[in-house]
Structure formats: structure tokens, C-alpha cells
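In this document, chain identifiers A, B, C and D correspond to the written order of the chains, with residue numbering beginning at 1 in each.
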Amino acid sequence: MPIELDALIATYEDLHRHPELGRQEHRTAGIVAEQLRALGYDVTTGVGGTGVVGVLERGQGSTVLLRADMDALPVLEATGLPYASTATATSADGETVPVMHACGHDIHTTCLLGAAAALADDDGWQGRLLLVFQPDEEGGGGAQAMVDDGLFERFGTPDVVLGQHVAPVPVGVLGVRSGPAFAASDSLRITLHGAGGHGSRPEATVDPVVMGASLVQRLQTVVSRDVAATDTVVVTVGSFHAGVAPNVIPDNAVLGLSIRTTDERVRASVLAAVERMVRAEALAAGAPKEPEIEVRDSFPPVVNDAAACEQVREAFTDAARWIVVDPGPVTGSEDVGVLAEAAGAPCAYWLLGGADPALFEGATTIEEIRNVVADLPSNHSPRYAPLAGPTLESGVAALVTAARAWLA
Amino acid sequence: MPIELDALIATYEDLHRHPELGRQEHRTAGIVAEQLRALGYDVTTGVGGTGVVGVLERGQGSTVLLRADMDALPVLEATGLPYASTATATSADGETVPVMHACGHDIHTTCLLGAAAALADDDGWQGRLLLVFQPDEEGGGGAQAMVDDGLFERFGTPDVVLGQHVAPVPVGVLGVRSGPAFAASDSLRITLHGAGGHGSRPEATVDPVVMGASLVQRLQTVVSRDVAATDTVVVTVGSFHAGVAPNVIPDNAVLGLSIRTTDERVRASVLAAVERMVRAEALAAGAPKEPEIEVRDSFPPVVNDAAACEQVREAFTDAARWIVVDPGPVTGSEDVGVLAEAAGAPCAYWLLGGADPALFEGATTIEEIRNVVADLPSNHSPRYAPLAGPTLESGVAALVTAARAWLA
Amino acid sequence: MPIELDALIATYEDLHRHPELGRQEHRTAGIVAEQLRALGYDVTTGVGGTGVVGVLERGQGSTVLLRADMDALPVLEATGLPYASTATATSADGETVPVMHACGHDIHTTCLLGAAAALADDDGWQGRLLLVFQPDEEGGGGAQAMVDDGLFERFGTPDVVLGQHVAPVPVGVLGVRSGPAFAASDSLRITLHGAGGHGSRPEATVDPVVMGASLVQRLQTVVSRDVAATDTVVVTVGSFHAGVAPNVIPDNAVLGLSIRTTDERVRASVLAAVERMVRAEALAAGAPKEPEIEVRDSFPPVVNDAAACEQVREAFTDAARWIVVDPGPVTGSEDVGVLAEAAGAPCAYWLLGGADPALFEGATTIEEIRNVVADLPSNHSPRYAPLAGPTLESGVAALVTAARAWLA
Amino acid sequence: MPIELDALIATYEDLHRHPELGRQEHRTAGIVAEQLRALGYDVTTGVGGTGVVGVLERGQGSTVLLRADMDALPVLEATGLPYASTATATSADGETVPVMHACGHDIHTTCLLGAAAALADDDGWQGRLLLVFQPDEEGGGGAQAMVDDGLFERFGTPDVVLGQHVAPVPVGVLGVRSGPAFAASDSLRITLHGAGGHGSRPEATVDPVVMGASLVQRLQTVVSRDVAATDTVVVTVGSFHAGVAPNVIPDNAVLGLSIRTTDERVRASVLAAVERMVRAEALAAGAPKEPEIEVRDSFPPVVNDAAACEQVREAFTDAARWIVVDPGPVTGSEDVGVLAEAAGAPCAYWLLGGADPALFEGATTIEEIRNVVADLPSNHSPRYAPLAGPTLESGVAALVTAARAWLA
């Protein structure tokens, strides 16, 4: 039976229209569980909070873990799509925020539901399918929460962990890279303490807005001066919040940092430099109180297994429907590695092209293709919008193809 | 009849406990109206939104306008007082914010209620009392709203506009300054447009957090380089908001600026410099869209009338209960000047000492006194807390004394 | 006998064409000594290095000290005048620098020579004239050097210290201000130690250029945030030197700061803030060595004596040839106060208009006059050029007039 | 005959003690020419200014170009070596600067003299040796100057271009990398025009020190935000010069930038970003005149030929005296590529270990070795000091070994 694409698209648009923040994926988990049950999977919900596990066993053979993530982001959608999100939610900090599937986890979830259907319908394989629909990838704690909730004790240890991430390259391209594939990520929350007061009397205050601004500029030098140009490091200040009125100098400023590195030694030195600069800022400003640096989440690089990648690449190549490339290392991060590491299983996690190939027409050199990619809205952009139908078809086929490489 | 201090303190603590943002002073206006009516004033509510006007006429004579402001600030109170505020409100931008009487408008309102009582009880005068309880001084539009609502057409034009502002100098001190006494104020809201995206791929974005930080630092040079050291200028960035997640580069950053100047030529050049720097920032960053600069409110300096100030100063000195000083020009701003200008009447607006004199014990030189003041929480601080009882007594007496200088 | 203006102009143009840095005024001192001797003064050279003292005694009476400074600045002249300087000299730091009379000390010296002639020629007075031609005003140590060399022990203590500074206001205007007239000045030399290396490998270095840039920006906040808008404070980084090649990261950066304040408490807090920021910068950068902060020179405010100023102002007014104004406090600094303080004598030091009045044609309001002044090249500019003839005439007359107010 | 190491060391110490800036290598060229002539080479001096070419022909065979560079850097030596330089020179900008062989070109020159001796003494080969001692590698124009002076027309076209650069890795290590091995380099000289004036009156000026500081900070964002973390880019501000006195705001600031990139597309976008930021800075400051951006020199990446590298690597490995590694791409730049490109010949240019192996004792993992390297003074540091004797032995042998791979 062919994949019923219309049904998949309907599921996708429904998920896209109703995005949920990490640890709040109740509606999404409900839809996943319902569809899996209808397909004959043995379904458990509430694993690690809102995670869903579906199991299908068929005689002797390998256990293959297929993983998708379900959470969305606090981004205000600007795609203009007919099924664009208008949802809001309460964040962990108690703020009301807009919510959008700006990172394509709705594609991941829908593709895995499609693969679940295709594999359930296919009686040509033997072994054990372990489908993991994970919460809270963005916050970085979802995979760990499922592991801590006994994922492998309760549902068995897999022989391989497989998964995919949609990316702004053309539909029909798959990116498979052996070794370090995704960067390590550390998120910090920094609170700079000043001393508030009247906006017209800065001399009676310690201005935390100036402290924060000075720190943001100082932090640029971590990448520009403190690490080698050949090191892969990103230091992003994704959020900066201070004050509620123009004429009141606030008591503090709160900054949210995201740090990407691919080397443990460099990671340690970057974190040390950030801390040094934060402390120096308080000294320069004459702050009344030391700043606070909280590590919000922290996850390791995804290191793909060489043999597993080779097996996946061969299967993709044999299928003769994709262009398979090595995308090089990616500065994005992923907690799928947490699952593989906890299971002691090899990991193969690939990139799934999701952009309209028509946009690449006329671009034949690598240079020209890179220029097109550079102009596309990337993941996390309010305008990020994969080409739904063809991406879902390609993504379902990729999951099925890879899984079948292990399922006799 | 002496002022009933206990009742005044009770009113003060009640107002302090229930602060309301500008244009939302419904509860406060209700209490004001109720007390004025009980005292025999002819009361009109809803003037210019939530403003209250009380009139008391006694034969021929001058019309004296006594003015108090009623609004509070979006500040989270940290005084630890038993009657501290725990209130929140929805700001004009739709955010839920804490609210606190951090600028002493509760003192102003209570003192004017006390003066209303004292003057109603005193039959030694002739003329016309026009009590104005104004909304939204902080936002800068409250006085204008009352004028636009026909304040002087409906209630008559005063011969003098009198009022006071509580300040962190000792109770018992009054500050009267002729000429420019409070600075002009301009509040700007600046939106810097970047282009959002994934926190790990800054190259695919234009980072508005970096734009904002760079702008905040650049703006420091307006005061440090662009104006003379002898000019009185403040440029405060009171709020900076960008982003909701550490790993998402947002689309824009919004900054709230408050600018104080005392000279029209300098004011124009400061506003021009700010605009120049904002535009340059967008150019430096390669921003996809020009920044927006909105003037949120803008009010002129308070210029006290020389003759009116002399009259007030003499009355205060004759009363022999205060130390009367010239505080020099103040960088704080006030829209009381809008009332005087619209009425074509002279203005005398003074500073009312509200700090505990015990804190100044041992400080005898100007130097020592300034050092004590520098250490006190100033207006707009979350810890601003005037010494309620003595301040109310002094403030009521000052209003009555000044008013009586015009009421035969 | 009238002042021989042509001779004065010739002296002025000669001095202007041959400027000398502080402590190197050998040629200038020679010309001064020669002219004074020709006029009958008792001349001593080499006082405090290159200083010159001329004494003329005529019976009983007051001793009047008239002071001029002789040194020039390391500025590359850009006036285009026919007598413009093309001189260079070796600075105290061993560098070859251009030299220019960019602050008008050539006017001061020539005026005092003219006054010396006029007073020698005038037999209508009694008393003692003490002419002081001082070295190194810019460096701030010249007056002190003369005091330390026994100026008052050797030549007697004056009853008053008089002098003038040329300013970019119209010829014919004199500015006399009682009380604090010129600001205190502190010059600092800050050495930031990084660790040099190859320009392509910043990670192996600590980049002092970035440290210096970050510090310059941080220092702007001293004026913009740390002091009150009503305080008069300037923090200028007048020089920044680091590196000799674009592809070599240097070992250190050297910054020259000039700080002006008018209040001792503020001065202390500004110096403390600068030091705090310098130390914090080294911390932020992970510098291998603490920065060095050397106070190069430091001189107190010039505080004019009220009675002496009144006497000078009256004399000027009686002469009916000048417009005498109160210029307000000036952020410029002067070490003439060191002479007065060491002598225990009152000081009256005034501003001498030196700008072409034609430039002010049509400017009648204060506003318009200020706008003209703002557009003129100010002292220390490479384009600073007083209108020689009329300025010399006015300056000689002012010195004579003021001196005669004390010489019966 | 073995290399006479003592003589080589004496030559090296002599060159080190007498470094010469680019295009001024007269003494060095004289020594080179004299030694080559003594060895029987056909010597031509003055090629491309101060370049020296030595030719030795022996029957039929390949022509091998061996290249060394001779120029030193404007760095003040701080090695403390007995043969440390105390030399100074006049730079192209007319300044007196210290000079030091801080990049090891004295090693390169001495090694090539040693190889010249060894090959002259060795009669086991046939072919043609073309020794090129090049001026001004640091300025980036030396190789081009020799090409423009008819290098290949006059001395024949080589079959391969060989050379080496000493690096802070242990003696005994050689680094050979095929493909892009050294980065492209662009040096810019940026003049920011402000408007000078008195240090106490910034409002009458446009302060170029603040402009320069702000620009340096802004430029950090080119690397931290504008390019991908996986791109190899360095933007160094190696020099910053403004002002001569703390109390004079200068007219302009001059910055020297060095930019390294490895990809032509990225190079173009980096240069565009730098220009954008420079222009924006002038706008922000209200500069009276547009900044000037001069490209001082600009050279392409060194792209090593795959086959030539393989041939060199095999020869090195067969010699069994070195550890041969792939050093990865280097952000340093070299103009040896200009020679190869102009000749249309393959290039093999390798890194020569020059650090004391004793410093690496106990360091066995790559991590530990990298940590030692990170602590060593790198090229261009005032403390850069290769271990002379063993480095010269290794470097001579490497040149001879590589040359012999082409000379039958």
C-alpha cells in the first residue's frame, strides 16, 4: 500500500497549526498515540513526561529505534501559510509567548507516523521496531527525560538509533556524515545585577542595560579573538531583557546565551572566557552584587557511527531516488546522541532536504547552490517553511529505507 | 483643627498598597473624589480620562490651582514595608507588569487631600481653590489630557499653579528654584529590525541583539562627546527587549529611551544625534529594514516664575518651620508645566524633603549631606520609601502655606 | 608712547613660526629675555628650567605678578597662515612630533612683552612689576617647576597674580569670572598589557587593540552614567597607540587620558571609576599582566578671587573699550592657580577675545553667537588662528589696565 | 661533506642580529650573494629590488626552484637571546621602528644557504637549481616584484616550486598539506576622519579615538556573526594610532587591518562587511569627511599541488628522520604561491618544526601537544625564538631531500 500522502499532509498541517512548547506536547502526543494504536503498535504514553513509545515486533531480528521530536519554539510565525500557527503558550519563565513549529519537528513527527504506517503495512521484514516520539528537544532535556524514565529498561535496547532533521536544502537531497555531525550546545542564563533608579539620575544607579550591552559586545571577542579561526564555535545572545519603562533604570538585565562547540577543550575554554567576561563586566560597572550564570541545558555533540552511516548511505544510494551528500559538520545541536549513548548503540542521524527544488533552478555550481541556501529562511526563522508534500514523501521513504537496512 | 495625621497615614498606606498605572487610576480617583466630596468640594471625575477636579469657592479673590499626580510605575516593590505593593497590571503594550508607587505620587495625592481638608476647615481666606488630581504624569500625557478635556474652560483659569514633588532630601527641607527647574523629557521607542534565525547559524541572520548592544554603547557618546560638559543632558536606555529563547536569534530588538535636556538647542542636537546613531547602526549591521523611532511622549521643561517663586519662598520662610534651599536644576521632568502654560499662569513647583533626618545625623557639610543623599534609594528605585508621617505633615503644610500666600 | 603694533606682530609671527614644546622653550625664552633687558627689566632666565622672570621696581607700592605661558603643542598646523609652523620636535616619549602654537601661548607671551614695554614707558605708577614667562603649561608642571625653583623666595611675593587666556570669542570681549573659573585637570597614561603574536592567530595572543577599544567605549560611561548630568566632567582619550604592522598583534596599547572636573568629590569618584574600568578590562581579556596607570600631571582648578575679579572688572569697565562678560565655568584647565596658591595671593585670570568680529556679524542673540563660536576652530585645533593684530592690541591693553588697578 | 653546522649557526646569528625590513634587505642580500658565489653559483642581485637569484646547472634534468624570504618585521625583540636584535629602521610611513626577525625568515635564508652548499657539494644529481632569495614577504609584494622584474624570463621556468616555513612545533616534525594550505591575506589601512580640538571641549570636535574604538568593536562581529562558524576567517586590527597628547583631540585615527580568508566568496563578503562598518562609523559620529580605505597588499591562498606534495611526503618519509604530519589549513599567509602561479608550476610548501622538543616532553596525546604549542611564543611574537642548531640541520636536510626528489 502506498503512503497515503493526503492523510499525512493533513496530519502535518494540523500539527503545524497547533504547535506546543517542550514538555507541553500533550495534544501532539495524543495524536501520535492514537495513530500508532490504529496501526497496531503497542503504545505507551507519558514516557519522560509527554514522550510516546510505539513497539511493533515481528519474530527474530534486530531492534531498530526510529526517533522523532515533537516540540515547537517560542517564535511568532510569519510564513503567511494558510495553516500558520497563531498559538501562544506560557513559557517556563511564566511569560506568554507565541509558538511556532519553526524547526520542522512537525515534519519529523509526521514522517515517523508515515513510516510507522508503511512498515506496519510491509510484511517483508523481521525484527523489532521501537518508535520514539520525544518531547523537548529544543530545551535539550527531552531525550534524557525519556532515558531517566526507563526507556531502555522498559522497551529494550536497540541495535541502532536512526533519525533525521529537515534542512533548507532541496527536497531529494539527503546529508549523511560520519563522525561528529552536530555540535555540542550549552545554554546559559546570565543575570547582571545593577541598581535601579530614576532614568534622569543615572549617577544614583548602576545601569544594567549598559552592563548588558557592554557584555554582548565583549562576548563577540570570544569567537573573533579567543578561539582559532579553524575552530567551529558560535556564541549567540538569543535574548536580552531589561526594564519596563524608558524612564526607570531597572535593577537587572537577563541574557540568554547559546554556545556551540565541536571540541571539548575548546568548549571548556569558551565557557571560561564567557564567565571571565561576565565577572569583569560587574567589576567595570561597580555592580553591587555578583552576576549569576546558570547553565540551563547542555548537550554533547552527535557523533555518528561510521559503520552505521555507511550502511545507511548504501541503502539510500541503492534506492536510487536521492542525491546523497556529506554536509560537513553542522553547528546546530541535537539530543538524539543522548539516546544512542545511553543505549550503547550506534547512531546514524541524517539531514533531510525540505526546500522547494524550483528555487534552485539554474544553480548548478556548489557556489550557486550555497547562495540560494543562504537566502532561504533557515530553521528557527519565523519564515521557515519546508515544502510539505514532497518533503513528507521523501522523509517517510528515508526512514523506511534506513530501517529496512537493519530489518531482514 | 489640626490635620488628622492618622487618617492621612491610613490613606497614604492604602494608596501605596494599591498603586495604579497611568490612565488606569480608577480606584485612586474614586478615593480622591469621595474624600473631596465629604469635605464639601464640588467634584468632577473623569476629566482627561481618570483625572479629578475639586472646586471650593469663597467670595472674591485669586484662583489658586493646587496640583497632585496620582499614577504609579511598572516597578517591583522591594522596600519590605508592611504596606508594600504586590499589585500587577496590564501595561499599554499588553504585558503584565508589577506596579509600585516608586515616585511618591501617593505622597502628592495624600498631601493634597490633607491640604484640601485643612483649607476647607480654615475660614480665614477668600478666593477660589481649584484642586487638580492628575492622571499619567509618568507617561507625560496626563496634564495635556486634562487641558484637552477643557480643564480651564470648564473650571476657570487660575492665577497661579502650585505643586510639589517629594525628593530624597531630609523632611523639613523645601527646595524652591526660580527659572528652569525641571528638565525637558523625550521618550523614544526604537525598533531595530534584524533578520532572525537559528542561534547556531548567525551568518544566515542579522542579529538585532548585537545591533541593540552596539547602539546602547554608541548612545553613551551623546552625553560624553556630543554635548558640552556644562550642558545638562541625560540619555537613558531604560528598557531593552529582544528574543525569547537562547538558541533563536530574534527578528528585532526594542529599546526604550528617556532623554532629558534643559536647553532647546541642545535638545534638538541630542535628538538628531540619537537618530543618526540609530540609522548608522542599521547600516553597520546590514539590516534588511530601516529602524523605527517613535516619540512616545515629550514634555517641555518646568520653568518656574520668578515672582511666584519669591512669593512662595517668603511664605515658607515666614512660617519658620522649614529650611528653604535652592536645589539647582533637576534632571527629572514633570508635566505640571503643561498646566501652567495652557493656563497662561505663573508656576511655582517645589521639592518636598521626604527622607528620614536621622539618616543625616552627623552630616553637617554640604559634602557630607550629598554623600548621604547619594546612598539613599532615589525616586523610581524599587526601594524608594519616604518617611510617611513627617513627610505628609510637611507636605500638607507647604501646600496650605503656599496657597494662602495668594488667598487673602 | 603708543604700543608699536608692527613690532608686536612681528614678534608674534616669529614665535608662531617657531613653536617649542614644554620644557624646550629655549629660543622663545631667549627672545623674551632679550626684549625685557632692552626695556630695562632686571631679567633672570632658567627659572624652573626655561622660565624667565623680569622685574621692574619703582618706589613703594604693591607687587603685581603678570604671567604668560610660552609652550606649544604637538599638533600639525593646518591654518594655512603665511607664518604657519612647520616645526617638529622630539617629545618626552622620544617620538618626533609636529609642533604648533595651537593654544595661543604665543599671543600670551607677545601681549606680556607688549605690556612690559607699555608699563616701562609709563611713569605714572609706583610699585613692583614681576613678569613671569612660564614654561610647560600644557604638561601642567611649568608653574610648579618655577615655584620649586624658588620663584617667590628669589623674586618676592606678589599681592596679586594676573593673567589672561585667548579664547574663540570676538576681539573686544573680555570674560571675567569670580570663583572656580577653570577646571581641575588630570592626565593619565594607561598601558594595557596583552600578549603579541601573529595577526592570523589571535587565539595565541591577548589582543591589546581590542582591549584598548573596549576600554575607550567603557570610559564613555563615566560621563554618561557615573556622574550627575549637572556635574561638569570631561573624560577624553586624546591618544591611542598600539602596533606597527597590520599583521602583527602587538604586546600592548598605550592610551593618553585627560580628565576635567570642577569638584573634588566628583574628581575622586571619576578617577576611581577610570581605574575600576581599566582593571576590569584586563580581567575581561585575560591579560597576562596588570595594566599600568600613571598620573602624568595633575593640576587644581583655577579659583579666581572675588575681590580681585571685582577690581579687574571695574578697571576694564572704566576703560570703556571692552564688552566684559561672565563666561561661566570653563572645562579648560590652567596651572596659573599653582602660582597664586604658592604665593598665597589672590588670582584674577580672564579670557581674552581673539576671534574676528566680522565672523559674528548678524549674530545678535546669545544663541546666534554661540552658534558662531561652535563653528570656529577652538584652542588645540590644527586650524586655531586668532586675529593677530587686534587681539594683541586688546591683550596688551588688558594686562596694562589690570596691572594699573594695583599700581598706584 | 657534512653540513658545516657551526658556520650555518654563525650566519643565522648574524642575520638575526641584523634584521632588515622588506625592500631594505641590502645587507642580507649581500651576505647571500657572497656565500652563493663562493659555492660556485651564478648569482644575480637586485632582482625585484633586493632579491637574489643563484643558479647551478648540471646537465639535463628538471629545474627546481627553492625559495627563501629574507625580510624582518617592525617588532621590538624580547627574546633575551645573546644575539637578539637592537636594530631600528625607517618604515614606509616614515616612522622609526624597531626591527626583529620575528617570523623566522633568517632561518629560511640560512637553511637555503646550507642547502645550496650541500647540493653544490653533492655530485649525485642532474638538472638545474634555481635558488630564489625573495624580499618583502611580509608586505606581500616581494614575490610579485621579482616576477615583474622578469624572474622566469631571465632565469627559466621551474618544474616545481619548493619552500618551507618554520613553525612552533617540535624540531623533527614536518607538516605537508595538499590543497589550500595558507590563507589569502588582505591588509587595509583605514583612516577615520574626525575633527580635532581641545580635549576639554569634545562638543566642538568629532572624536576619532572614539570612532576608532567603536569600529574595532564592531569589526569583531564580522567573524562572530557575519560568517559561518565553519568558515576560516580572521580580522585583526594590528595597529591603531591617533593623537599625540592626552589633552588634544586629534583630527583622525589610522587603523591597520589584516584579513585572512580561505574562500573567495567569503573573502568578498568579509571585505564588504568591513567597508560597510567603516562607512557606518563615520555616519554615527557625524564625521566631516568620508573615511579612507586603502588596500595595502593582498595575496592569494597558497594552494599546494597534490602530486608534488605526495612526492615530497614520500621523500621525507623515506629519509626516515622526520615525523611527517598534515597540519591542516593554516590562517597564516604566504606569497610563495605568486611564484608558482606565475611560473605555471606545481607548488609544495611545508612547515618546518623549530621548537625545542624538550618542551614537549611528557606530552603524548594530540591534546597535550596542542596545549604546549598554545603556550609557546608564536611567529610575530617579540619572544619568538626557534631552537637554532637543530632547526637549521632539519631545514637544510628537508630542502635537499625535497629537491633531490626532482633532481635525478
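As a working rule, a contact is a pair of C-beta atoms (placed from the backbone, for glycine too) under 8 Å apart; a residue touches a chain by one contact, two chains touch by 3 or more.
This structure is a prediction, so every number in the text was calculated from the model and none was measured.
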item	value
Given subunit B and subunit D, the chains that contact each of them	A, C
Reference interface B-C: repeating pair among A-D, C-D or B-D with over half of contacts shared	A-D
Whole-Å separation of chain centres (CA-atom averages), subunit A against subunit B	48
Mean-CA-position distance for subunit D and subunit A (Å)	43
Whole-Å gap separating subunit A and subunit C, where each centre is the average of the chain's CA atoms	64
Overlap residues in subunit A, where contacts from two or more other chains coincide	200-203, 205, 207, 210, 214, 217, 220-221, 224-225, 228-229, 234, 260, 331
Subunit A partner contacts - residues on subunit C that touch it in the complex	200-203, 205, 207, 210, 214, 217-218, 221, 224-229, 231, 273, 276-277, 279-281, 283-286
Parts of subunit B lying in touch with subunit C, wherever the complex brings them together	217, 219-225, 228-230, 232-235, 260, 265, 328-329, 331, 367, 370-371
Contacting residues of subunit C [partner subunit D, same complex]	73-75, 78, 91, 95-98, 102-103, 138, 183, 185, 187-189, 195-205, 207, 209-210, 212-217, 220, 234, 236-251, 253, 256-258, 260, 296, 330-333, 374, 377-382
